[in-house]
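Following are the structures in question.
In the two complexes that follow, subunit A is the common piece, with subunit B as its partner first and subunit C second.
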Partner chain A sequence: MEFHLINHPLDCPVCDQAGECWLQIYYMKHGLYEPRMTDDKVHKPKAVPLGPHVILDAERCILCSRCVRFCDEVTRTGELGIFGRGDRSEIGLFPGTELANKYSGNVVDICPVGALTDRDFRFQVRVWYLESQKSICPGCARGCNIEVHVNRRRPHHAQGRRVVRLKPRFNDAVNKWWICDEGRYGYGFVDDPSRLTAPLRRVGGKTLDVSWTEMFTLVADGLRRYTADEIGVIASPKMSNEDLFLLERLVDGLGVRAVDYRVPPAQPGDQDDFLIRADRNPNSRGAELIGLGRSDARAILNAARDRRIKCLWVFHHDLLASAWPEGEVLDALLGAETVIFQGTNANATSAHAHLTLPAAAYPEREGTYTNFEGRVQRFRQAFEPLGQALADWESLGCLLQAVQGAGRPSRAEECFRALAAAVPAYAGLSYRSIGDGGQMIATGSP
Partner chain B sequence: MSPAATEKILTRNFGRPDSHTLKAYLETGGYTALPKALTMEPPAIIDAVKRSNLRGLGGAGFPTGTKWSFIPKGHTGPVYLVINADEGEPGTFKDRYLLERDPHALIEGMLIAARAIGSTLAFVYIRGEYVESWRHVSAAVGEAYEAGYLGRGLDVVVHRGAGAYICGEETGLISSLEGKKGWPKLKPPFPAIKGAFGAPTIVNNVETICHVPHIINRGAEWFASLGTKTQGGTRMYSVSGRVTRPGVYETSVAVTLRQLIYEYAGGVTGNGRLKAVVPGGSSAAILTADEIDVTMDVDGLKAAGTMAGSAGVIVLDETVSIPEALMVVARFYAHESCGQCTPCRESTGWIYEMTRRIVVGRGRKADLDTILDVARRGAGTTICAFYDGAVGPYISYIEKFRAEFESLIPK
Partner chain C sequence: MPVEFTREQLGEVTRLQRLYPDRGGALLPVLHLAQEVFGYISEDVEKYVGTLFDLGPAHVHEVVTFYTMYFRRPRGRHVLSVCHNLSCHLMGAQEIIAHLTSRLGIELGETTDDGRITLLTVECLCACEMAPMLQVDDRYEGHLTVEKVERLVDRLA
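What follows is the complex of A and B.
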């Protein structure tokens, strides 16, 4: 203990790690001694950016070498080393390198002290004000297990963001202790000003706030106005199994056949042999298993362009930022008589919607995703939805009631129970059996 | 037998100006042990070395034959022989003489050792500052290839270090040889099981290996009879400091420290009074003037509470300030700690700071006890023996000369 602290700057009051620092914890547990060191401390570089996400304070480092080993053994990129000898030893980058690998943020988690901190989280909020909820990263088809760290107690800190950081949650079968940087820093949309917070109706050039009750009536009337063949639905693999199942029931009841969820991204995602999957959606497998891939999304758009489809219902996607020619998509959006958009954030596509339904983001609700391997994993609600946003399963449940007079589920778990009873792949699964670690779909499923 | 009359074995040729050449080595009976060894089965060679009581002369004093026998039986992959010619221990300069003046003795010893352990590739890791040694060894290796001693069953790579003391520690040396930072590795696995490049490796000191041809030529019993019950042979003592004739003296390991100082090195400079002696390189605990009637073998010095180490004998007389001497030693360890282990990394610098303060008259009363406490707590907790080598002087200098330290601390 004493050895670790003689050259340590003892700057806990301004250190982001304070409150979750093992040096601090062990000192309080086993130290609490009268210091004997009265000589000058060894000084080392401070506040050195190592890469886009990580910043180093070499004086706080206890030279445990975990970060070096992570870059050598896990990412095999080898950017970090320990340089110098004796008490002048310090962590640093090899000349000409930068800590910019796709998993660099993990070194912050494994650093036991405040030597490596997150540039994104630095000086935002003290960790003891945070609450944590178990969740699943929606960044790709792997579905890494994460914790969402929420700042509710100091709303004036961290620019008012509720989600202040994501941390990996250990799951040996999925992501071990790690997550990628894209996922780690991909939470910005949750508290972004572009969030949709109220049901909107666009009439002529005017956009009006409407109540959910009015909205459900408008959508139900809209759907009833068209024949099944005049309706096209582009679901999203960002929706949970529960959402997708209710949507499937709704379109099934209406007899709509033009339903798909696959929209290719403008830039195909990269993939590696570690965590990152090319499919940047958390639930493509679920959408496929639940049966939302009945048609072809591009054909649906073409039909809208040709006025054969009159009502186009788009979930979450920004079709105008997809791999498809912008003009083609625009013609489809302009061609449809009624465009319904349902999603968390406004985008170029939602600008063309006549009816906009605000959706809750994943930390604002419960649900499950099915990852590319067929593992069903639960994510939980960390805080209330922004404004009037509703989880997709909730709004779809209301629409089911409005259109088909069906009973409305009051909890996500209810939707899942119905899903497990209806779709063979999910047979035998329940929220309880999925637990914190996830559960594989029934064997023999596609 | 008076050790003073002991025959010179390793240093017998040092008088010849061309002693480093193949010609001189052959003329004085060189490469005659090799043909003998080639007729012996490896276990027989190991057995002879065991019976000779040859003990490692690099520092740890481990029985050489026993070390060789640790190579796993029936191992099929490569086995490496590594010669430790890093000679970094302060007060030690014997290997340098061997490397510069009799490199062929080393090569012949390596050929025999390699046969014993089943190695076909050997490395000589030479201290970076030893340029002349490196030249002579490289030239001798060239001659040995030309004459056909090397290249038929054994190849030798000469590698130069980059100037870190820790690269003399055998596992630090192996890391360095592998192209990594010279960080010692945790043992076990010992190098004989998993050493350089993951293969079984024997690391031996230059002088240790130079003895091997003579053991083969003249017999294990002869070699054993030169020393004490538990250590055979002669060894080369580097005597430095306040003596009339500093230098390297080869003599029986049964010699006493008093004999070495007064009979070999000509006594204390200017007939001054002896104050203290460091008998085995800077890592050995210090002995006072009354403690010099000890034999200089591994076990004799161990019984005296210090160690034979690298046989670097540093003589201090009344003109020398012990606190200053400790400050210099502490500075060395603070500078050379590799920094892997927390106690060693952090306390070597701290202890140096404290000794420096004491020497410049800014010591505090608690400093001495703090140094002793810190050193005692850290001892034995580190990856390599470097830190224990630093603790030896920290504790012994203060315990044996406490009054002198206290006189420098303001009341």
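What follows is the complex of A and C.
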């Protein structure tokens, strides 16, 4: 312990790792609090950005070489090394290179001290003010297990963001100890000013706030006004199994056949043989299994353009940022008499909606996703939804009640129970059996 | 100068790599060969040697910065390594070092402007019996005095 601290700065109060630093923990447990070292400490580079996400304080490094091994053995990119020797050894990059692999943020997690810290998180808020909730990364079809770290106790810190960082949660079958950078830093939309926080109705050029009760009546009336063939629904593979199941019930009850969830992105996602999947949606498999892929989304838009579909209900997608020609999509949005948009954030598509239903983001609610392998995984609520936003299953439950007079589920688990009873792939699964590690769908399912 | 071995030199690399159960073991001798051929181990040399071992440049850089006998900057035609460990120190190494730095007009670790001599200090070279001593290129010189060092420097081309 004393040897470790010979050259280590003893300034935990200004170190971002304090509170989750193993050196600090061991020091507090076993430390000789009065240092006997009288010589000057060896000084090394501080606050050196290694890449877009990671910053190095070489003085705090204890030369455990975990970060080097991570780059050698996990990403096999080999950027980091220990240069020099003895008390002048230091972690670094080959001159002129940077730590920019797709998983670079993980070195921050495995660094036991404050040597490698997260450029996004450092000095935003002290870790002991944070709370944590188990969740699933919605960034791609892998569904890496994560923890959402929430800052509620110091709202004046971190620019008022509630989600301050995401950390990987160990799951041997899915992501081991790791997550990719895109997922790690992809939480920005949750506290973004573009969040939709109230049900909105656009009449002429004016946008009016309406209550949820009015909104449900408006949507239900809208749906009743058209025949089943005049309604088109573009569901989203970002919705949970619970949401999708209620939507399926609703469209099934109405007899709507123009239903799909597949919208190709403008830029196809990259994929590797580690975690990242080309499908950047967490629940395409669920949408497929629950049966939302009845039709073809592009054909639905074409029908709206031709005025055959009069009511277009879009969930979460920004169709104008898809791979389809903008003009084509725009004609469809302008062609439909009623455009309903339901989602977490405003986008170019929602700007064309007549009715806008604000949806809760994944840390604001609970639910399950089915990953590309067929693993059903639970994510939990970390905090309350912003404004009046509701989880999709909640708003869809109200609509089911308004349209079909069905009973309204009061918990996500209830929706899941109904799903497990109705869709063979989910037979036998329950929130309890899924637990923290997830559970595979029934064998023999597609 | 392009950083690339000739065919014969590559043959030598292969021969060295075969001497070890893991060919990575040949990294040190190959780096010495590279130093002989290219004069010193530049970053480009590190990258090049890395390709011969399927190693990233960072790992070659680790090895090169760990050992002191790899030169990472161009060195002079001759290298004077003056021992300043215990025996030599007691026998007057400091005086020899002071004389050499002022005579050559360079600090330790530097090379004279004409590229003739690089001056270094080293730890015990296991020749304490002839302390104070230094190494000129591959040769040991012991029982040094200021006069002897003077003559030695004069003789170096």
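Basically, the second predicted complex is superposed on the first by the 444 of 446 C-alpha atoms of A that agree within 3 Å, B and C clash if a C-alpha of one lies under 4 Å from a C-alpha of the other, contacts with A are read in each partner's own complex, and residues count from 1 in each chain.
The criterion applied here is as follows: a residue touches a chain if its C-beta (ideal position, glycine included) is under 8 Å from a C-beta of that chain, and two chains touch if they have at least 3 such contacts.
Predicted model, so just to flag it, every value in this text is computed and none were measured.
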TODO: Overlay done on subunit A, so just call it for subunit B and subunit C: clash or fit.
DONE: clash
- [ ] Go through the superposed model and pick first if A:Asp87 touches only subunit B, second if only subunit C, both, or neither.
- [x] first
Open item on the list: One more residue to check, A:Ile62. First (subunit B), second (subunit C), both or neither?
Closed with: first
- [ ] In the overlay, answer first, second, both or neither for which of subunit B and subunit C A:Met37 touches.
- [x] first
Task: Which of subunit B and subunit C A:Ile6 touches, first, second, both or neither - done: first
Task: Between subunit B and subunit C, more extensive residue contact with subunit A - done: B
TODO: Considering only touches as defined above, state whether A:Asp172 meets subunit B (first), subunit C (second), both or neither.
DONE: neither
Open item on the list: Output check: A:Gly78 vs subunit B and subunit C. Expected answer is one of first, second, both, neither. What do you get?
Closed with: second
- [ ] Looking only at the overlay on chain A, choose which of 6-14, 24-32, 96-104 or 114-122 in subunit C hits subunit B.
- [x] 24-32
TODO: Would you please give the residues of subunit A that touch subunit B in one complex and also touch subunit C in the other complex?
DONE: 81-82, 84-85
Open item on the list: Which stretch or stretches of subunit A touch subunit C in the complex?
Closed with: 77-85, 93-97
Task: For the subunit A and subunit B complex, residues of the former touching the latter - done: 2-4, 6-7, 36-40, 42, 62-63, 81-82, 84-89
Task: Interface residues, subunit C side, partner subunit A - complex - done: 43, 46, 55-59, 61-62, 65-66
Open item on the list: Please output the residues of subunit B touching subunit A within their complex, sorted ascending.
Closed with: 164, 166, 181, 334-340, 342-350, 353-354, 357, 364, 366, 370, 374, 378
